[in-house]
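First chain A sits with chain B, and in the next complex the same chain sits with chain C.
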Partner chain A sequence: MSIRHLMAVIRKEISHIIRDRYTLFLVLFSPTLLLVLMAYALSVDLKNIPIAVLDHDRSQLSGQFVGSITAGDDLDLFTFAEDLDEVEYLLESGDIKAAVIIAPDFSTKIRAGEGVPLQIIIDGTEPESGGFAVDQIGLRAEEFVTEKVFGGGQLGVQAQTIELVVLPWFNPSLKSRNDLIPGLLSIVLGLPAMLVALTISHEREHGTLEQLLATPVSRWEILLGKMTPYLIVGMANVVMIPILAIVWFGVPFNGSFGQFFILSAIFMFSILGMGLVVGVFMRTQSAALALSFLLIFFPGFFLTGIFFPIVSMPEIMRMESLAMPGTHYGIITRGVFLTGVGIEVLWPYVIMLFGLGVMFSFVAGLFFKKKLD
Partner chain B sequence: MEPSRSAAIQLEALSRHFGEVKAVHALSLEVREGELFGLVGPDGAGKTTLLRTLAGLLSPSEGSGMVAGFDLEENPEKVKKQIGYMAQQFGLYAELNVVENLRFFADLFDVPKNEISGRMDSLLEFANLTEFKRRRADQLSGGMQKKLALACCLIHEPNILLLDEPTTGVDPISRREFWHILGELHLSGTTIVVSTPYMDEADRCSRVGLMYQGEMIRCATPADIRGALSSEMLVLIVEEDQDLSTILGEVNGIHEVQIYGDAYHLLVDDAARRKREIARNLRRKKIKIKDLFASMPKMEQAFISLVKRQE
Partner chain C sequence: MLRRVRALTVKEFIHLKNDWWLPAFMLFGGVLELLLVGWATSRPITNLPMMVMDLDHSPASRELIDKLNNSETFEVGSYVRDFDEIEHALIHGSISAGIVIPSGFGRNLVHQDQNTRVIAYINGAESIPARVSVSTLTGLIREWNGEIFLERFQVSEEVQADITPRLRIWFNQELSEAFYTVPAELGLMLEFTVLLFAALAFSREKELGTLEQLLVMPYSSIEIIIGKAIPVVIIGFVDFCLMLTMTHYVFDVPIRGSLLMLLTIAFGYLLVELGKGMVISVISKTQHQAFLLVLLVGMGDFMFTGYAAPVEAMPEVVQFFAKFIPAQHWLFILRGIMLKGSGLDVLWPSLAALAAIGAVILFFSLRFVRRSLE
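Let's look at the complex of A and B:
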C-alpha cells in the first residue's frame, strides 16, 4: 500500500465529487433530505384530520357531543352533512377522512342510560388517518358520556365504549417519531454506499478504469481511495442529521456524541464496503444502481427491524438481516439516542458492524482484479 | 534492424480466447527495441485484444509472452510499470484539468517528485498543450485529448509504448501532429506498438503486422508488404460511368479490381502488357479512356488484397 498512490486516488475522487455540483449536492444533502421527507411522511403525530358529522338527532346534547370530539387539534370539523349521500361524496372527494353519524334517538337514549350506537365511517384507502380518527372519536365519546352522564349524577348508566382493533399492518405510525428517526439513519446513510458503487461502474463504462488498471496502482489502493472520500461525506451527514433530529424534530439525544460519531464511522465503513462489493461485481451503472437498491436500500426498510420486528421473521430472513449493517446500526442509534447507552452495552453490534465491513471490503478486494477478464 | 538490439516484446504461440471466440490465436511475434511497429487488420481481427494482453490487462489463454523482460502470465504488474498503454477510448478524468491528469498518472507511476514539474513542462511543450494546462479535460478538442492521453502515458518515460488506435476520430491535421510526436519518440529510442486503421500511418512504421481473425498473417516492412502483392498496378479512369466488369473479365492477368470513386485500380501481373490489351479492348467497345497509367501499389491496395486472399 503506497500512501502516494492512495492520496492520488483520493484527491481525484474528491475532485470528482466537488466539481460536479450535482454529485456534491447528492452526497452532502440527500441523506438529510430523505430523512426529513420520511420522518414527515411516516410520522404518527397526525393532526387536523377533517371529518364530517351527520347529526340526525339535532339536539343540544348531540351538539355538545360534536363540540367535544372536535375540541382538540387532531380532528377538524369540516362540515355538517345533510344526508348519507353527501357523506359519501365528501369521502370520495377526499375532503374528509372520516364521518360520524349520530342516531335520531342519541339524546333520548343517553338520558335513558341505554346503549348509544355511534356509527363511524372511515376512508379505507387511508387506514392510518381513518384508524386514528376512530381512536380519537371513541376516546372522546367515552369521556363525553362519562362526564355528561356520570357527572350529571345519573347512576347505573354504563358508558358505551367502542372497542377498536387497530391492525398494525404496515403501520409505522405505531411508533413515534422519536423512535423512527434514529432508525431511519441507517437507511439514509446507505446513500453514500450507493454512490461509491456507482463510481466504480462509472469508471468501467467510461473507459477510465481500463487506463487505471494499466498503471501500477494496486487494487486495494483503488478501493480504499474510493471509499475514503465517501466516508468523509458520510460523516458530514452523521454530524448534520442528529443536529437536525434534535433541533427540528425534538428527538432526545441521551448518549455520548463522541461515541455516536465513532460508532457511525464504523457503520459507514461497513455499508461502504457493501457498496464496493456492488461496484466490483456490476459491469454497468444501471446494474449497480439496481443491485444497490436491492442490497443496500430495500433491506434497510424490510430487514433491519425498523419497521418490521426481526423476531417475527422466518429463520432465513433473520440470518440475512444479521448480515445487513443497518440492522446493527439501527439498534446502536436507537440505543444512543433514546436509551442513552454507549459502547459498554452496544459492543456486540459494533463488533458485528466492524466484522461485516472487513468481510465486505475483503470480498470486494478479492474479486476486483487488475485485469479486464 | 541492428542485430545487437534485443527483443522488447516476444510472443510465442500466444492465444487469448473468450469462450469459443479465438480473439488472438497462436500468435508469435518479436518486436525489437526501438522499433515502431504498426498493427493493422480489419475490425475484429484481434488488435485490441493483443494490445490489452501486451499491457497485462488480459491473461494469455495459451502460449507465453515477455514484455520489457517480464512474463505476461507471471508478472503482469511489473510489465505495467515498464510500459505506457493508451486504450482505444482513453479515459481521461473529465473533471481534472490537463496538469491534474498528468500529475495523477505521475503519482501512480511513482515519478520522482522533484522531476514531475520538469517532465510535465516538456511534455506539455512537446504536445503543444502548454497554453491549455489549466483547462478541464472534457473541454479539450478531440485531438488535444489524444495528445494529453499520450502525454499521460509518457510521464514515467516508459521504454515501451502500446497505443490502440490513438488517432481514430481525429482530424487530419491533429493526426499528422500526433505522428510527428511518435516520430520523435521513435528517434529517441522508444519501442512503439501502434494499431491503426489508416494505411498511410502503417506506411510510416518500421514494420507492419497484418492481423486477420486472431492471427498474424503477414509481418514485414511496409515496402515488403507492398512488394508481397507480386503484382503491378494500373489505374484506369473512363469518360462515362459504366460497368466494366465484363470487359475487364476478358483480359487475362488481372488479379484483382478495386474501385476508388471513378478510378479502377487493377492489380495485374505485367503492367505494360496488360495496359495495351485493356486499351485495345475498350477502344473496340467504343469506350473513351480518360486515363490509364501504371502506378505503385500502395499499402491500402496491399492490405485489401491480402485480406481478400484470406477470405
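Let's look at the complex of A and C:
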C-alpha cells in the first residue's frame, strides 16, 4: 500500500464531495441536522395531557377534586363533558387522552368515609399518555381520600408506611434528552456509512470502476481511499454534535473529550466498514440505498437499545443487536456523556467495535475483488 | 397520449426489472422491516437487571424482594453485601437499578414508630429503562402502602374496593403495545418508501445523463411525469396492502372501521408523498443528494407525527406547524380507522385538512416539476 496512491484516491473522492456547495453542505451537515430534528422530535417528556371531566356530582367537593387533578403541569382540563356521548366523541377525535367520571354520590360517599366513586377512561391506543394520566389521577385521588376520608394530616402522619427514596444517578432529572442525544449519535453517524455504500456502487453504475482498476491502485487502497473522506465528515460531526448538545440542549458531558474523539473514530471505522460491504455487494446506487436503509438505518433505530432495552428483546434479536456497531457505540456515548467513564470501563465495547470494523473491511475487500473478476 | 404514457411506463418497469433490488426493497423490505421492528418493539419492557443489598434479612425484606422478582419488569440478578458493588455495577451500566434495604426495615414496619425506608439507586444514563424502573417501584410500594394503611384502619373490603378509582380502557383493552406502535410504523413505512422511490425517479436519469434523451423525445412533460409516477403508485400501494395484511394477521391489530375508506385515503396520501418526492427528485442533481434530502424531509415529518412523542407535549409553535404536515393527519386517520373504528363524523376535520394540504402540495409540485423539465 503506497501513501501516494491512497492520497490520489482520497483527493478524487473529496473532489466529488466539494464539487458543488449543495452536496458539500448536505454531506457535511446532514448528520448534525438530523440529530437536531430527532432531538426535538423524540425527547419530549410527558406533560399537559388533555383530559375531560364528566362531573355527575357537581358539588363543592367534586370541584375541589377536579382542581387538585389539574393543578399541576401534568394534566390539562380540556373541557367539562355534558354526557358520556361527548366523552366518547372527544376520545375518538383524539382531543383528550383520558376522561374522569365522577359519580353522583361522590361527595356523600367521601363524607361518610365510604370511598371515592370515580371512574377513569383512557384511550388505549396511546398507552403512554393514557398510563401517565391514570398514574397522575390515581395519585391525586389517593391524596384526596387520605385527606377527606381519613381526616387529614394527623392520622396520616401516625400511619407510618414505606418511603421509597429514588436516587437517579448520572442524570438526576431523568430528562430523556440527556441520554437520547448521545444515543442518537450512533444513528446519525451512520449517514456517512450509507454515503460510502453509494459512492462505491456509483462507480459501478457509471462504469468508472474499470477505469479505476486499470490504474496501479490496489483494491485496498481504493476502499481505504473511499472511506477516508467520510471518516473526516464523520469526525467533523463528532466535534460539532457534542458542542451543540452541551451549548444548545444543555446535555452534561462528564467524560474526557479526547477519549470520546478516539472512541468515535473507532466506531466510524466499523460503521464505514458496514457501508463498504453494502456498496461492494450492490450494483446500482438505488439498490445500495435500499439495502443500507435495511441494514444500517432502521436497525440503528430499533435494535441498538436506544429506545428499547436490549435485555427485553427476544433472544435472536439480542444476538443481532450485538452485530450492530451502534449497540456498542450507544453504550460508549452514554458512558462518556453521562456516567463520565472512559476506556477503563468501556474497553469491552471498544474491542467489539474494532473487531466488527476489521471483519467488515475484510469481507468488503475480499468480495470487492471477486465481484470484479 | 395513452399509448405514449404506456410506452413510458413499460420503460420504467424494464428499468425496475434490471435493477430488481429497488422494487424488491419497496415491496418486501417494508414488510420485513415492519415484521422485525414490530416483533422487537411491541412488547413491554421487562428483565431489567437489578441488584439488591439486603441489610435486614427479615421476612419483610424477603417479601419485598419477592415482589420485585414477581414484577416481571425486574430480574434480580445478584444479592450483594457491599455498596461498592452497586456503585461499580451502576458505573459499568450493568444494572438498571440497585435496591438497598436498610437494617430495621422489618422491625420498623411492625412497630410503626419510625420511617421505613427503601432506597433505589437508578441508572439514569438510560432514561427509558430508568423511568420504567421508577414507575414500577413507585407503583409497587404504593400498592403495599395501601395494604398496610387499610389494615391499620380496619377498613372493610367494600370500601377498600371503592377507594381506588375504577379504570376502563377503550379501544385497546389489553393495552397491547403493538396497537400503538405497529400502525404508526406502517404509516411511516409507506411515507418513506414512496418518498424515496419518487425521489430517485428523475435524479437517477439526470445523473446518468439519460434525462436529456427522454426530453428530446416527442413526449410532453406531463406524460413523462405520469409515466414515472405509475410504477411508484402501483408498487407503493401493493406494498401498503401487504404491510396492512401483516399488521392485521401477524400482530392482531384490528381494522375496526371501513377498509375501503382506509385504502382510498392511503391511495390519496400516497399521491401527496409522490408529489413531494418528485420535487426532491428534480431539485437534486445526483442520487446522493436526493437520498439525503429524503432523509431530512422524512425525518422532519416523522418528528410531528406524534409517533415517538405526543404532539400535545411539544411547544405551541411546533404544534401549530404540525397541522401542516400531511403525515400527521394521515397517521391520525390511520389509527382512527384501524383502532377506534372511527368514521367520517369524527375524522372529517383531519380528512379535510389532509385533502386541502395534499391538493396544494400536489398542484405546486406538479407545476414545479413540469417547469423544471421544460
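In the analysis below, the second predicted complex is superposed on the first by the 311 of 373 C-alpha atoms of A that agree within 3 Å, B and C clash if a C-alpha of one lies under 4 Å from a C-alpha of the other, contacts with A are read in each partner's own complex, and residues count from 1 in each chain.
What we mean here is this: a contact is a pair of C-beta atoms (placed from the backbone, for glycine too) under 8 Å apart; a residue touches a chain by one contact, two chains touch by 3 or more.
Predicted, not measured: the structure shown is a model, and the values here were computed from it.
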Looking at the overlay, what does A:D20 touch: chain B (first), chain C (second), both, or neither? both
Which partner, chain B or chain C, touches the larger number of chain A residues? C
Go through the superposed model and pick first if A:D73 touches only chain B, second if only chain C, both, or neither. neither
Check whether A:N48 is in contact with chain B, with chain C, with both or with neither, and answer first, second, both or neither. second
A:M7 contacts which: chain B (first), chain C (second), both, neither? first
Partner chain(s) touched by A:S286 [first = chain B, second = chain C, both, neither]: second
If you stack the two complexes on chain A, which partner ends up touching A:H206: first (chain B), second (chain C), both, or neither? both
In the superposed arrangement, which partner chain does A:E82 touch: chain B (first), chain C (second), both, or neither? neither
State which residues of chain A lie in both footprints, the one left by chain B and the one left by chain C. 20, 206
Quick check: in the complex, which residue numbers of chain A touch chain C? 20, 22-23, 26-27, 30, 33-34, 37-38, 40-50, 89, 91-94, 97, 100, 109, 113-131, 134-135, 137-138, 141-142, 145, 149-150, 155, 158-172, 174-176, 178-180, 191, 194-195, 198-199, 202, 205-206, 282-287, 289-291, 293-294, 298-299, 301-303, 305, 307-309, 311-314, 317, 331, 334-335, 337-339, 341, 345
List the residues on chain A that touch chain B in their complex, please. 2, 4-5, 7-8, 11-12, 15-16, 19-20, 203, 206-217, 370-373
Enumerate the contact residues on chain C facing chain A in the complex. 19, 21-22, 24-26, 29, 32-33, 36-37, 39-41, 43-49, 75, 90-93, 96, 108-109, 112-131, 134-135, 137-139, 141-142, 144-146, 148-149, 152-153, 158-173, 175, 177, 179-180, 192, 196, 200, 204, 208, 285-289, 291-293, 295-296, 299-300, 302-304, 308-310, 312-314, 318, 332, 335-336, 339-340, 342, 346, 349
Which bits of chain B are touching chain A when the two form their complex? 18, 52, 55-59, 76-77, 80-81, 85-96, 100, 103-105, 107-110
